[in-house]
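Next come the structures, one after another.
Below, subunit A partners subunit B and then partners subunit C, in two separate complexes.
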Partner chain A sequence: MPMKFDTPATTNPIDQLKVVGKPYDRIDGPLKVCGRAPYAYERHDVVENPAIGYVVGAGIAKGRINSFDLAAAKAAPGVLAIVTHESAGKLGIGKRNIAKLLGGPEIDHYHQAVAVVVAETFEQARAAANLVRVDYAPSKGAFDLHASKDGAVKPNMGEDEPDSATGDFSAAYEAAPVKLDETYTTPDQAHAMMEPHASLAAWDGDKVTVWTSNQMIDWAASDLAKTLDIGKEKVRIVSPFVGGGFGGKLFLRADAALAALGAKACGRPVKVALPRPLVFNNTTHRPATIQRVRIGATRDGKILAIAHETWSGNLPKGRPENAINQTRLLYAGEHRMTATRLATLDLPEGNAMRAPGEAPGMMALEIAMDEAAEKLGIDPVEFRILNDTQVDPEKPERRFSQRRLTECFRIGAEKFGWSARPQVGAWRDGRWLVGLGVATAFRDNKVMTSGARMRLSANGRVAVETDMTDIGTGSYTIIAQTAAEMMGLPLERVDVRLGDSSFPVSAGSGGQWGANSATSGVYAACVKLREAVARQVGIDPATAEFADGEVRGGGKSASLAGVAKTQDIVVEDAIEFGDLDKTFQQSTFGAHFVEVGVDAATAETRIRRMLAVCAAGRILNPKSARSQVIGAMTMGAGAALMEDLVVDKERGFFVNHDLAGYEVPVHADIPHQEVVFLDETDPYSSPMKAKGVGELGICGVAAAIANAIYNATGVRVRDYPITLDKLLDAMPEGRA
Partner chain B sequence: MKAFTYERVATPAEAAAAAAKNDGAKFIAGGTNLLDLMKLEIETPTHLIDVNRLALDKIEATPEGGLRIGALVRNTDLAAHEGVRRDYALLARALLAGASGQLRNRATTAGNLLQRTRCPYFYDTAQPCNKRTPGSGCSAIGGFSRQLAVVGVSDACIATHPSDMAVAMRALDAVVETVKPGGEARTISIADFHRLPGNTPHVETALEKGELIAAVTLPPPVGGKHVYRKVRDRASYAFALVSVAAIVQPDGSGRVAVGGVAPKPWRIEGAEADMRRGAKAVTDGLFADARPTHDNEFKRTLAQRTLGSVLTEARG
Partner chain C sequence: MTDPQHWDPSRRDLMVSVAAAAVLAAAPELAKAGAGLASESRMPTYAPVAFTVNGEARQLEVDTRTTLLDALRERLHLTGTKKGCDHGQCGACTVIVDGHRINSCLTLAVMHEGSEVTTIEGLGDPDNLHPMQAAFVKHDGYQCGYCTPGQICSAVATLAEIKAGVPSHVTEDLFGEMLPTDAEIRERMSGNICRCGAYSNIVEAIAEVAGRRA
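Our next item is the complex of A and B:
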């Protein structure tokens, strides 16, 4: 029976904070900086002499393959096999995939894989892939969200509802003395992680092992089994290191499926990495949105009515971008409505990217709040504090487990020097127009079932095994800290093994649930290991204490090394979450403060400093948590100023499909960042009393930057990214 | 990448002879652009002639008082050269505004002049592109063209030339020295070196088949204040939306070349006569024949504002 977390946490060994809560360096750091961390494409240790597969992406956005001409490719030097939909045999489609990972004869989107060419070397495979001739019958597709908006429908969103309504929004809004009604747009965005999707597959009889780069091991195993139409027990997924994911590696993708198919076809291990251009159009992306926000308030700034409507597009059976979620929860107001509409588009699949829903939702809502504050003549920090709520505004009987948003604002305002915020357009520093901006950070705190296996060995070391992943976040380190704290050991006596489907199923890395849920699973397994150890030495598990490498109780003590002298002690457990996240609203909070300079002639925006104050439960490791938040702030800066997957609306694909065309911030764009975590614990979230921070950090950043640009220039841009062409006409200099 | 043969040559004459012998040959120096394009099969040379061993890596004073920059001088070395920094600061600044330290360490003077456009459609071999596949059409016209050219364009192509260095060289009246396959040397002014696309956007320079760049010569220094302003969406490591290379003399006269707006570094000497009247007068002249798209119309305004800001800085 897994440990059930259904009542708020009381005091437990984690509260000792001897190891947890300390800013340890990453325990996997030396492996990474020495180039010894085994990433999927460099698994030279696991198979001999793999062949290389190169993916051919569809050259049309929609239509049908009439025929292939593979003669030249097959005859090319080194070619071992070519797999297309015609030769792949019966394939299924993963539960979490919308379009087929090996397309044909129908083509669903640009750069959908249509073939994998396997050869002795990478160069041979790539050259032969360029010889594959595909005769297409293109058909007309829909690629323009704005043109498709009117045809958008109420989507099926599973557990979530597309519409919500409380009170009488229309009447209250009409009657409100101060009104704001504006529409905002956010573009398609790419995860643009450093490591492209990559997999190495090897068959042993009818079983396949895939070393890959994936955030969710169990999802990948299930969906690879479904795709290959084999039993899940025949599939092993290994992904101990992931070079960035941001949601782009939540799902099984073509690299893994085609490596497995290629390996089967040529009877040899095969590895496949997606070339960079395919990462943008072959995989998933954050969908563009159109969002309308209406806020009606009293003259003294109380929100009476708030509405948020959103439109996004996706392939048939795809889900909408849930950009309205935060608006249901964030601010008070008796009369409310939200609506989500989905258009069918024939672009690549839209799906989760860091803080799906809230990231683009807050980009709109938090400009709207700034605009409403200005209409009211109220400071935007005060306006948000004025409309703070300690309860779910739709269900006032349901309160937040913790909500210290006001403190985030007060501390941040003080630290940042918010009171020095200038009048719009009034601060000049040399050639720069300078402005300050602020926005709320808000992201739900999700929890997921998570398991772990613990092994105590004769050498007194404890090993943790779980299929949890470390996507650069620090999972190895916080899991080691958790086990060390629970077992009374120093950090260096804990070994952590992650990302293997032969390990217990964990929460995985997604939705900022990973750190809290996975360490809670390790906590549960450690409780079980403590019991086993105590029993073995005849100490009452209820009173046993674990410290300094010993177990103590009832006048007895024993070293952990001695306990497992003859045989390793191995236990496994998981944590399951009850309905504390239903009876209470669990969210994470923050306040973003930004100072920007805008060139008075050219309208180039450069960020000068950023501060985030976060309230996100117990911070398990302040160093890795800070890294998560500053990384998220950087990604938010990209969203504000440059990131834009540009759709060619005729040809139906993302045009800027490489890292030269899809610009993300470089070091020079991010001069100074500061992060403050409130010292708090949330006993409703888990025994760790922690929450997520990795997605909280991006939510609201872009709006804070937009608001700072407005403060600097007087130009209100509601269409992201805020590139200089949208500001240029209002710039005062360089006109002569 | 298509299979190719490779040879390394020791003298310009050998290089020229090798080029004459091999129909599909290309010279390779730093390879920072060519190798990328070969991997994507945008460039498909059948033979590479490695010119890195040619003794063309010196920067020397000319008898006229200028500088002769060997074709193989690396961008990093050129930007760091004392004489360049003192007398041709515009060039040093333009070089440092481009690429990254690693790329500049490798990239050569001649290679920089010959780098190809960054138009995204040029880079996607599934899409029509007259520059990549003559006669196939232009996807950028009517497509995504925010980065592309506003002036000097044709119905066949609206690509820009991406170099920063070449913009400064245009303002400095540089001269390109070459060796033809037959061994004869000639000089081509930088103004004539890059061609406008017309109906043949795949023909980008005045170089003849197999003709090798030996050096770039700068005339004696002209003094004045040298400003290179590169405007882009992020602070570093991006191609210019617009760049302005300006030399402003104490009497208010000067020279201006603009990057990021045309298929070549864009300078119209006649427009410079209006420098004393301010940026608008100059850019009105520079862009009199502009044919911008909806996406890139802002570049005209941006060029004017950038030049205005540069003139203020230079005169301040």
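Our next item is the complex of A and C:
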């Protein structure tokens, strides 16, 4: 029976904080800085001389394949096999995939894989892939969200309702003395993680092992089995190092499926990496949104009515971008409504990217809050504090487990020097117009079942095995810290092995649930290991203490090494979460402060300072947690200023599909960043009393930048990204 | 909306062929080798190349299309050098060749006869970290780790460039002493993308190695 977490945590061994909560360097750090951490495409250690697969992407966005001409490609030097839908055999579609990973005869989106060409070398596979000729019958598609908006429908969102309503929004909004009604847009965005999707597949009889780059090992195993139409027990997924994901590697993708199919076709291991220009249209992206926000308030700044509507598009069976989620919870106000509408678009599949829903939702809501504060003549920090709520505004009987948003603002305002915020357009520093901006950070805290296996060996070391992944988040280190704390060992005596489907199923990395859930699973397994160790030496597990490499109690003590002297002690357990996340609203909070300079002549925006103050439960490792937050702030800076997948509305694809065309922040764009974590624990969240931070940091930061640009220039841009062309015409006079 | 009546996707190929034909017309000796795309099916050309990698003499017979990056990763199994884009857009493949940092994806292996190549593996190993590697660990100047070897090679070469007085876009005084300021470091490191967004920490790591801060 897994450990059930259904009552708030009380004092437990984690509270000792001998190891947990300390800013340890990452235990995988030396491997990473020396280039010794093996990523999926680099596994020369497990497979010698694999063949190489090169993926061919569809040249149309929608339609059918009439025929292939593979003669030239098959005859090309070194070619071992070519797999298309015609030769792949019966394929299924993964539960979490919307479009098929190997397209044909129907084509669902541009650059959907239509073939993999396998050859002896990369150079040969690439050359032969260029010889594949596909005869298409294109058909009409819809690619323009704005043109499709009026035809958008109320989507089926499973357990979630697309609409919400509390009180009487229309009447209250009409009657409100101060009103704001604005529409905002956010563009399609790409994860653009540094390691392209890559997989190495090797068959042994009817079993396949895939070394890949994936955030959710168990999802990948299930969906690969389903795609290949084989039993899940025939599939092993291994992904110990993941070169970034941000949601783009939550799901099985074409690299894994085609490596497995290619390997089967040529009877030898095959590795496949998606060429970078294929990644953007072949895989998933964050969908563009159109968002309308209405806020009605009293003259002294109390929100009476708040509404948030969102429109996004996706392939048939795809889900909407749930950009209204935070507006149901973030601010007080008796009368409320939200609505989510979804248009069918034939662009590549839209899906989760770092803080799906809240990231684009906060981009709109937090500009709207700034605009409303200005209309009211109230400082935007005070306006947010004034409308803080300790309860779910839709269900006042349901309170937040912990909510210290006001403190985040107070501490941040003091630390950042917020009181020096100038009047709009009033601060000139040489060629720069300078402004300050602020926004709330808000993201739900999700929890997921998570398991782990513990092994205590005669050398006195403890090994943790779980299929949890480390996508740059610091999982290796915080899991080691958790096990060390629980077992009374120094960090150096814990080994952590991750990302293998032969290990117990974990929460995986997504939705900022990974750190809290996975360490809670390790906590559960450690409780079981403590019991096993105590029993073996005849100590009551309830009173046993673990410290300095020993177990002690009832006047006895024994070294952990000694306990395992004759035989390793191996236990396995998992944590399951009850309904504390339903009886209490669990969220994470923060306040973003930003200073920008906007060039008075060119309207180029430079970020000069950034501060985030976060309240996110216990911080398991302040060093890696801070990195999560600054990384998210950086991605938010990209969202504010540059990131934009440009849609070719005729041919239906993202035009700027590489890392030169899809601009992301570089060193020169990012200043020194400050992060403050409030010292808190949330016993309603888990035995770790921690929450997520990886997504909190991106929520709201783009709006804080937009608000700072407005404060600097007086130009309000509601159409992200805020590129200089959108500012230039409206810049103040005398700008040179 | 796409109107299939007015768009024949095979036109893309036609345009490529036209462009290829134009090139071939200008280079008749190439035209003899094969017409346009069909030339892709030629047998690969192999050539020997000898260079030094991390102080060790290496000799390879490579398909002449092989980039230095793929020679390192696939032939020499030095996988610390990463392939992020294969187009010179991300910097993950940065190595130091004859004292200068380059994108190893944008250069062919056969162009490096006699070169001295330093990769991340040549800077240090987990038991004997290069000061820049140690500073990245201390300052958490990475997250997923995929851009990290390129960042570190680039950082080592960046400090050497500053020391040698090579100016950058942000250098204000071309004749004065050149200092490893944050602005200089950020400007010079901007060819190395870190999507995890560790920039703030990376700059601190580099500044520490530059001796600017304790």
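Here, the second predicted complex is superposed on the first by the 731 of 736 C-alpha atoms of A that agree within 3 Å, B and C clash if a C-alpha of one lies under 4 Å from a C-alpha of the other, contacts with A are read in each partner's own complex, and residues count from 1 in each chain.
Simple rule for what comes next: contacts are C-beta pairs under 8 Å (C-beta built on N, C-alpha and C of every residue); 3 or more make two chains touch, one makes a residue touch a chain.
Note that the structure is a prediction, hence the values are computed from the model and not measured.
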Exercise for review: Spot which of subunit B and subunit C makes contact with more residues of subunit A, would you?
Suggested key: C
Point to revise | Which superposed partner A:Asn130 touches (first subunit B, second subunit C, both, neither) | key: both
Exercise for review: Could you tell me if A:Asn656 is touching subunit B, subunit C, both of them or neither one (first, second, both, neither)?
Suggested key: first
Exercise for review: Name the contact category of A:Thr473: first (subunit B only), second (subunit C only), both, or neither.
Suggested key: second
Review point. Which holds for A:Gly59: it touches subunit B only (first), subunit C only (second), both, or neither?
Key: both
Review point. Where does A:Pro196 make contact in the superposed view: on subunit B (first), on subunit C (second), on both, or on neither?
Key: second
Review point. When the two structures are overlaid on chain A, which partner does A:Val666 contact: first (subunit B), second (subunit C), both, or neither?
Key: both
Practice item. Classify the contacts of A:Ala730 with the two partner chains as first (subunit B alone), second (subunit C alone), both, or neither. Key: neither
Practice item. Name the residues of subunit A shared by its contacts with subunit B and its contacts with subunit C. Key: 59-60, 77, 123, 127, 130, 277, 650-651, 658, 660, 665-669
Practice item. Would you pull the subunit A residues touching subunit B in the complex into a rising list? Key: 57, 59-60, 77, 123, 126-127, 130, 277, 431, 599-604, 606, 641-642, 646, 648, 650-651, 655-658, 660-661, 663, 665-669, 721, 723-725, 728-729, 731, 733-736
Check your understanding: Contact residues on subunit A for subunit C in the complex?
Key -> 25-26, 28-39, 41-42, 44, 59-63, 72, 75-78, 121-124, 127-128, 130-131, 133, 135-143, 191-196, 241-246, 273, 275-277, 471-474, 623-624, 626-628, 630-635, 650-652, 658-660, 664-673
Review point. Which residues, counting only subunit C, touch subunit A once they are in their complex?
Key: 1-4, 7, 9-10, 12-13, 37-38, 40-44, 63, 65-66, 70, 73-74, 77-87, 89-90, 92, 119-121, 123-126, 129, 133-134, 136-138, 140, 142-149, 152, 182, 185-187, 189-204
Study note, to complete from the structure: In their shared complex, subunit A is touched by residues of subunit B numbered 1-3, 39, 41, 118, 120-121, 123-127, 139, 142-144, 146, 229, 231-239, 241, 278-280, 298, 301-302, 304-309, 311-312
